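Some structures to go through are shown next.
In the two assemblies presented below, chain A is common to both, partnered first by chain B and then by chain C.
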Partner chain A sequence: MTPLTLKIDRLGDLLAKMAAAGFRIVAPVASAESDTSATAPRPRQAVRFAVVGPQDYARVDLTATPAAEGIKRFFLPQSEAVVRMRQNEGQSAQVSDISPDAPPTIIFGARPCDAAALPVLDRVFSWDSDDRSWSHRRQQTLVITIACQSSDAACFCTSIGGAPDSTAGSDALLVPQDDGTMQVRLVGERGEKLRQFFDADDAGSAAPREDATTGDSGKAGQVTVVPPRFDISGVRSWIENNFDDKLWDQAALACLGCGACTYGCPTCHCFDLVDEGTEQSSLRRRNWDSCQFRNFTEHASGHNPRPWQTQRYRQRIAHKFAYFPERFGTTLCTGCGRCVRVCPAGVSLLEIVGRIAAKGKIEEGRADG
Partner chain B sequence: MDNHYLPMMAEIREIVDQTHDVRTLRLRLKSADDIESFRWQAGQFGLFSAFGEGESTFCIGNPPTRPGHIEITFKQAGRVTSALRQLDVGDTIGVRGPYGNAFPIDDVFRGRDVVFVGGGIGIAPVRAVYLNCLDRRDEFGRLMIIGGARTADDFPFLDETCALAGAGHEVTVGVTIDPGRESSNWPHRVGLVPDVLREMVEQASPAVNTAEAVAIVCGPPVMIKFTLPVLHSLGFADERVYTTLENRMKCGIGKCGRCNVGSRYVCKDGPVFTAAELHRLPNDL
Partner chain C sequence: MNHSSAEQLQQVAASALAVGSVKLVIGHAAGAAGDRAAACFVDSDDNVGRLTIASPGVATNLAVYATRPEISHLSPIAVVADPPTLRALVGLLQEGQVEADRLRVIALWPQTAEVSQSPSDSADDDAGAWKVSGSVQTMEQVLASHEWVAHGQWTAAAQADDLVERLLKMSDAERWQFWSAEFARCSRCYACRASCPLCYCRRCVAEKNQPQWIDTSATPRGNFAWNVIRAFHLAGRCIDCGACERACPQGLPLGALNEFLRRTVAEKFDYRAGLEVDSTPPLADFRTDDPEEFIR
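Up next is the complex of A and B:
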């Protein structure tokens, strides 16, 4: 099949073509304030995914790896009204359904660590019963991912089984080439829907690749190398066997319980349901929540299963690296490193899981010996 | 695809105050379709909403052998329960459910002696099961109900529970309040629930076949903590000691992540768990 290519100076044309085909476009854009200083390096925090129109195409910023905020909100909105309730004087209450507002969408410029979270979260949102809002947004949204050309010390996708050019969760992967073009790899049937938007690579500058799914960065392109940070093999069993270890106290000592790690996380999905309004007129909303908050598990009686930050921090790590894998067969983490970068207290999940991995390795060795 | 968060509408038909802060509401679903489809088993729960305030999780308090309405019993504690207390007969509340697993009455309880232990508001879920068993009295061996509360004024269903013994059900009933909280005219037992349980089981005649019997325990965490070892020492098997967990929930359908204990969703895998299952969970209750 003819290889596809994208000339990056034609990005505006591509996005316009997609918009003309009826898609809402979501892309990483630099926030306005970071544009005021052309000489200063743009801070990573300034790049966020947002709905873009023609006036924004020039602001699309594909340099952040990953962006300060990922694509989660386009599948699980930070706040979403799900039920409307009305009760007029002298009449009985009425409730009405609020359908998810999700037009056909193309997310352009996601990173592999953000896209990889989507099939992970499919498991929780579709086991036992389908979450309508999640499933609908997943169906409506095509994800075009760009392989990472750079990484930083917080990146650890390769330690979780991912890669800077993984196609997991993506419908197309763009691989930057030495000549400034991007090789386009379509993924699966859904990816074929994107073929119409890309040009055939007549110049043949990007050699077609046989295997677009291994995550092997190969020779072609400018894909970064994310070195392995830890060996995950012993992590789950160590967590399962060391619920009361003092490591949890040490790990959580600096944690403020602010929840920034959970909000930034592409796989954290815990939510709250709250009523906003009055007895006469209200909306039931589904809002992001965080297991790091004290009242997350607090019973009406005052009893709290996890009253201390140590317990709440342990819950976050254990959920990601032991409980979720036990339940759904995959790690609830993609190694994006965002939690490490956003933590105002310098708590590093990477460092803590690294310590757990080392301890797990020792215990595995003991078990083998 | 359905919106799982859209509640059914129910009308409050009857309000019964159990104590100064515990109230029972009897509800009737408004839609005939909803009434037809709402089939539950003892142990299951629902999410009940006061519009504009939010939802709370309560067990369905009446057994399936007493259909026609949905009964909830709650203690005024937070925002939603305070709002539910403001409602009158004829007012509307939202209902989602039934959710969760149930007590395995058909699979496990039948043919066995069953001991019920409920403390405080925790008697409400236990009551749904013993009423169910009493309605099917012939299918079980000995039935023993132990209810406890801090004081006589905090004892939901006190009169009803006491009256069960004399109603020709062949059931042993013991009610107790905490030592030091009794008034001179309190005619029943005084003592902590685990102690009363031990005494009643040890003195039962004919004896409770504890090795084969079933026990159901629900109440404050501290009561459960001290009751489980007593059941164990009396010879009850952890596989047949049941409790129902009261974790905070939001979605009720295994998505929101709030009720999780280890890899279990209390809302889907529970709320009914055996003591043996609890021992296998991380100490996160």
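Up next is the complex of A and C:
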């Protein structure tokens, strides 16, 4: 099959073609308000995903790695109205569902660690019932991912089974080449829908790459290397067997109990349902929620099964690396490292899971011996 | 780095832990991702080696840990404290949130007028720019020192003056538009609250839902209510450390709100937060000779 290619100076044309075909385009753009955040010592979100129109094509910035912001909110909005309630004259009330209504969308320029979260979350959102909002947005949205050309000390996708050029969760993967073009790899049936937008690679420039490309995980092009940080094999069993270990207390001491890690996380998906409005007219909204908040588990009685931050911190790690794998057969983490980067107190999941992995290794060794 | 401030800090911490005059030292260590400093808890002189002096531009305010129930069984604690951290501790003493006899500090005094706050600095690049107090001290001792007089008001918070000036020149409509765009990014992760030493309430107004004072939804209404109410609650109490702005994963310019409130409180009440344990914050005060009719 003829390989496809994208010349980066033709990006505007590509996005225009997609828009003309009826797609809403979401892409990372350099922030228009970056001058105002000059007071922030660390304007970490200078590049954000946004719905783009022709006037924004020139601002599309594919260079920011690791991505400052994920794509989760385009599938699981931070706040979404799900039910409308109205009190009529007299006694009756009118309660109506609000159907999710997402236009056909192409997310252009996601990173592999963010895209990889989508099939992981499909499992939980189609588990005991079908989450129609999630499924609808998944159906309506095609994801074009770009392989990472750089990484940092917080990146650990390769320790979780991912890769900086993984196609998991993507419908197409762009692999930057030495000559400044992008090789395009379409993934599955959904990926085929994107074929129309790309040009077949003309002879010559493609030839050397073809040799280097050996299947899906071929390392052709300028793909960064993310060194392995830990061996995940013993992590789950160590967590299952060491619920009361001192490690949890030590690890959680610095944790401030905010939700920055969970909200930045591509796989954290907990939500809360709240009713907002008046007695006459209100909306039920589904909002992101975080297991790190004290009131996350607080009962109406006032009892709280997780009153301490240690327990809340352990819950987050154990859910990702033990409970979720037990139920769904996969880790609830893609190794994006965003939780490490955003933590105000410098708490590092990477470091803590690394410690657990080392302990797990020792216990495994004992069991084998 | 020669005989560095970080090594002095480690020595002071080690000797205090060795003789048992403190049970826990709360300081900073190099962050795992090589960017943000990590909060570090040392309870034995064997492991003081992790302690370092973090660039204020990449560090949280350690006074936030002084009110944590998780460490209440360990006392006295010693907090490694630069001037903004000391001011936060003054605020906590003033408001009865920490007990003076359970609190010690290892004070850090800026040696140069401008201690670098560049985020690209590694954690101990600035170590030479700090003078470490020779021993663990009580807050009473620190507040009586000539260093406190000289450096007590020092801050590493990013200068929000330019933005505040720009905002003051805007019309109400323009200012509304500015903050609407900024607050639109707020994800309600409450990292600002969690990293603020003076936001210590066990039950925050944001969590009260009978009635619901603040919409929890990250909608314009909820986000405006949250950020403005938080700012109001910090008026005359914010000690200008910038921890909230540094914590914000969305890069909201919270320092401009704080700076505006600081100016207003200074102008109306001739007061600056975090300098005196025995003073009363203006919004917690009441005078029978108040010039305003409504308050009498």
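Please note the rule applied: the second predicted complex is superposed on the first by the 340 of 369 C-alpha atoms of A that agree within 3 Å, B and C clash if a C-alpha of one lies under 4 Å from a C-alpha of the other, contacts with A are read in each partner's own complex, and residues count from 1 in each chain.
The criterion applied here is as follows: contacts are C-beta pairs under 8 Å (C-beta built on N, C-alpha and C of every residue); 3 or more make two chains touch, one makes a residue touch a chain.
Everything quoted here is computed from the prediction, not taken from an experiment.
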State whether chain B and chain C clash or fit side by side on chain A once the two structures are superposed. fit
Which holds for A:A154: it touches chain B only (first), chain C only (second), both, or neither? second
Just chain B (first), just chain C (second), both, or neither: which does A:D272 touch? both
Considering only the touch criterion stated at the top, classify A:E351 as touching first (chain B), second (chain C), both, or neither. second
In the superposed arrangement the C-alpha centres of chain B and chain C open, at the centre of chain A, an angle in degrees to the nearest 10 of 80
Output check: A:V342 vs chain B and chain C. Expected answer is one of first, second, both, neither. What do you get? second
So in the superposed three-chain picture, is A:Q315 touching just chain B, just chain C, both, or none of them (first/second/both/neither)? first
CA minimum distance (chain B, chain C), superposed complexes, angstrom: 5
Residues on chain A touched by both chain B and chain C 272, 274
Within the complex, which stretch of chain B touches chain A? 1-7, 9, 11, 30, 49-56, 75, 77-78, 81, 83, 92, 94, 220-221, 246-248, 250-251, 253-258, 260-263, 268, 282-285
Partner chain B, residues of chain A touching it in the complex: 82-83, 85, 87, 92-95, 97-99, 124-125, 127-132, 135-136, 243-244, 269-275, 277-282, 284, 286, 289, 291, 296-301, 303, 305-306, 311, 315, 318-319, 322-324, 326-327
Note which residues of chain C are touching chain A in the complex, please. 28-29, 31-41, 57-58, 60, 64-65, 68-71, 117, 119, 158-160, 162-163, 178, 181-182, 185, 187-191, 193-195, 207, 212, 215-219, 222, 242-243, 245-253, 255-256
Complex contacts: residues of chain A adjacent to chain C: 33, 36-46, 48, 78-79, 152-154, 249-250, 252-254, 256-260, 262-264, 272, 274, 276, 285, 287-288, 290, 293, 295, 308-310, 337, 340-348, 350-351
